[in-house]
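Structures incoming, each one as structure tokens.
In the two complexes below, chain A is the common chain; its partner is chain B in one and chain C in the other.
Now for the complex of A and B:
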């Protein structure tokens, strides 16, 4: 019972922290929309062209703009020693990482969903495509949270080279793009592609707590 | 009782300290004294098993801590020299978080009283980032009372504190040791406590 209370306590703290950082979320969404505008200005107003490449563009920009916020995943809690204190109060690093991933998914990625229907209007996407986009982004963003946790924990001691974290995330997110954008032409294979995406999400959800916890331990030992 | 037996620590190949033997019995206050960079903080981190030493052991109540680490953690409060409170959250949010995390039974009235003594009550709904360094440090030290553990390990507890707060802190140490608690801290400042033991790192 105490254990469950502690888990909810951590979620409440994350919710409060993400509420105070809500400007960050808005600026990410703004970045997303501005880059869409830039694409539209660069390509011209050919409706058919925008419609055919729209989905791919939206997905790539979603990826880029959600990597912007990943750097802050553990940075603050690591620098001020909260991670160590939480560990001392009986939480393993694996559990802390898992809770962080879930709270990042719930409080940062899910609010991002509201921007997708709005962005789809700009590309004149059909209802079917918007639906596909939403479903794939819900699964894909969980994968992104896991990847972000890994890359952020790898870069805890790296104070100079910020882009390397983004590179790691982008490299591993290629399969997400392939399956998410491919789902439109899938037709009757729709469910099988969804299953593949869920499979990838589960693999990363299984790996990333252990990987991130190991990286965090290494970083704590080297400070 | 905390027993440290032949503890040495190397960072890569550089020796930080070697062959330290001390025992801290119930009711003892120990200060670790030493110049900057003499390894005080590292020593505390090795005791807490954050850094792992290859030679020497630490025993808590007769058990090797590396085998019973969560048992050991359950009995200590560690105040590091960093400010562990989140800068974006308010004072009361931080206190509630620490309170829940250590499943403390302390009542809200007691918390208000503590805040009153440290002159922090007016900031209860203020974010930490607007507080001064001394006020943040006092808030950190509140965790000692909140968590009610037996062994207190502190790193530079006297930093940023004013004279009145230093007096309160010394009195808290003495009260804690009178209740069979153990205090171990690293600091340059030597407080006027009668039964202070000193571990010199120079």
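Now for the complex of A and C:
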């Protein structure tokens, strides 16, 4: 019972933090829309062209804008010692990482969903494509949270090279983009591609708590 | 050192004497560079993965030294494979580059090698650096089976493996022999460079 209460308290704390930092989330969404505008200015306003490439553009911009907020995944908690205190209260680092991933998914990535229908209006996407985009983004953003946790914990002690975290997330997000954009031409293979995406999500959900916990232990040992 | 020199020379002579392909003409000789370097790029990454697992599990510092020493060698062989492949692709397929599954996954392997080299320069603390790189190598080894089976899983322009079918290699022995000798020669050259780099790294660590 106490265990469940601890988990509940952690989620409430994350919700509070993300509520106080809500400007950050909105500026991420703003970045997303601004980059869509820049894409349209660069390509011209040909409706047919925009409709054919719109889905790919929206997905790649979602990836890019989700790498923006990576650095604060663990950094604040690490610097003010919250991670160590939570560990001392009897939670293993793996569990903390898993809960952080879930809370990042719930409080950062899911609010991003409201921006997708608006963006697809700008590109004149059909209803079917918007539906595909929403479904794949819900699964893909869970994978993105796992990747973000890995790269953020890897770069806790990295004071020099800021862009390497984003590079690592983009590198491992290649399969997500392949399968989630390919779902549009799949037709009857819809469910099999969804299953592949869920499989990738489960693989990363298995790997990332272990990897991030190792990185956090290393960082705590060496500060 | 002498043995590898002899093997390289024998390999080059065999390549010179090897017959021309009836379709591809002289360009088939690019294969004797392309295939060994691709093979070595994969082999290097496999070695790095095994050493990272050993290093993390048993805390042996030698495996981290190997990781650091071997990564640039793998990057160079991957680059060699990509360059020779695109030189071969221009006369045969008509383009320098196609977005084919095999080619793309090898290009991603090159990116992974470059990230490993960059990570080597990033962290100040040596312990953190070594373990971070080792975990990154283990996670990045997802790419290896994708490269290996990409020609079987997807319909690609790149031809499927013709050497590794040990029971009946789909290649004439007059072409297979120089290919195997060149593979051994490339491996020996890579091994010599790796040993030199490992020695240098150990000396540097001793002096600190």
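Assorted remarks:
Please note the rule applied: the second predicted complex is superposed on the first by the 223 of 223 C-alpha atoms of A that agree within 3 Å, B and C clash if a C-alpha of one lies under 4 Å from a C-alpha of the other, contacts with A are read in each partner's own complex, and residues count from 1 in each chain.
The criterion applied here is as follows: contacts are C-beta pairs under 8 Å (C-beta built on N, C-alpha and C of every residue); 3 or more make two chains touch, one makes a residue touch a chain.
Quick caveat: nothing in here was measured; it's all calculated off a predicted structure.
Once chain A of one complex is fitted onto chain A of the other, the partner contacts of A:159 are limited to chain C, with no touch recorded for chain B. Once the two complexes are overlaid on the shared chain, A:167 sits against chain C while remaining clear of chain B.
In the overlay built on the shared chain, the residue A:81 is in contact with chain B alone; chain C does not reach it. Once chain A of one complex is fitted onto chain A of the other, the partner contacts of A:27 are absent, as it touches neither chain B nor chain C. In the superposed model, A:90 makes contact with chain B only, not with chain C.
Annotation: chain A residues 221 touch chain B in one complex and chain C in the other.
The part of chain A that touches chain C in the complex is made up of residues 150, 154, 157-161, 164, 167-168, 171-172, 174, 207, 211, 214-215, 218-219, 221-222.
Touching chain A in their complex are the following residues of chain C: 108, 111-112, 115, 118-119, 121-125, 127-128, 131-132, 135-136, 139. Residue ranges on chain A touching chain B, taken from their complex, read 2, 5-6, 9, 13, 16-17, 20-21, 76, 79-82, 84-90, 220-221. Note for the complex: chain B touches chain A at residues 48, 50-52, 70, 73-74, 76, 78, 80, 82-89, 93, 97, 100-103, 127.
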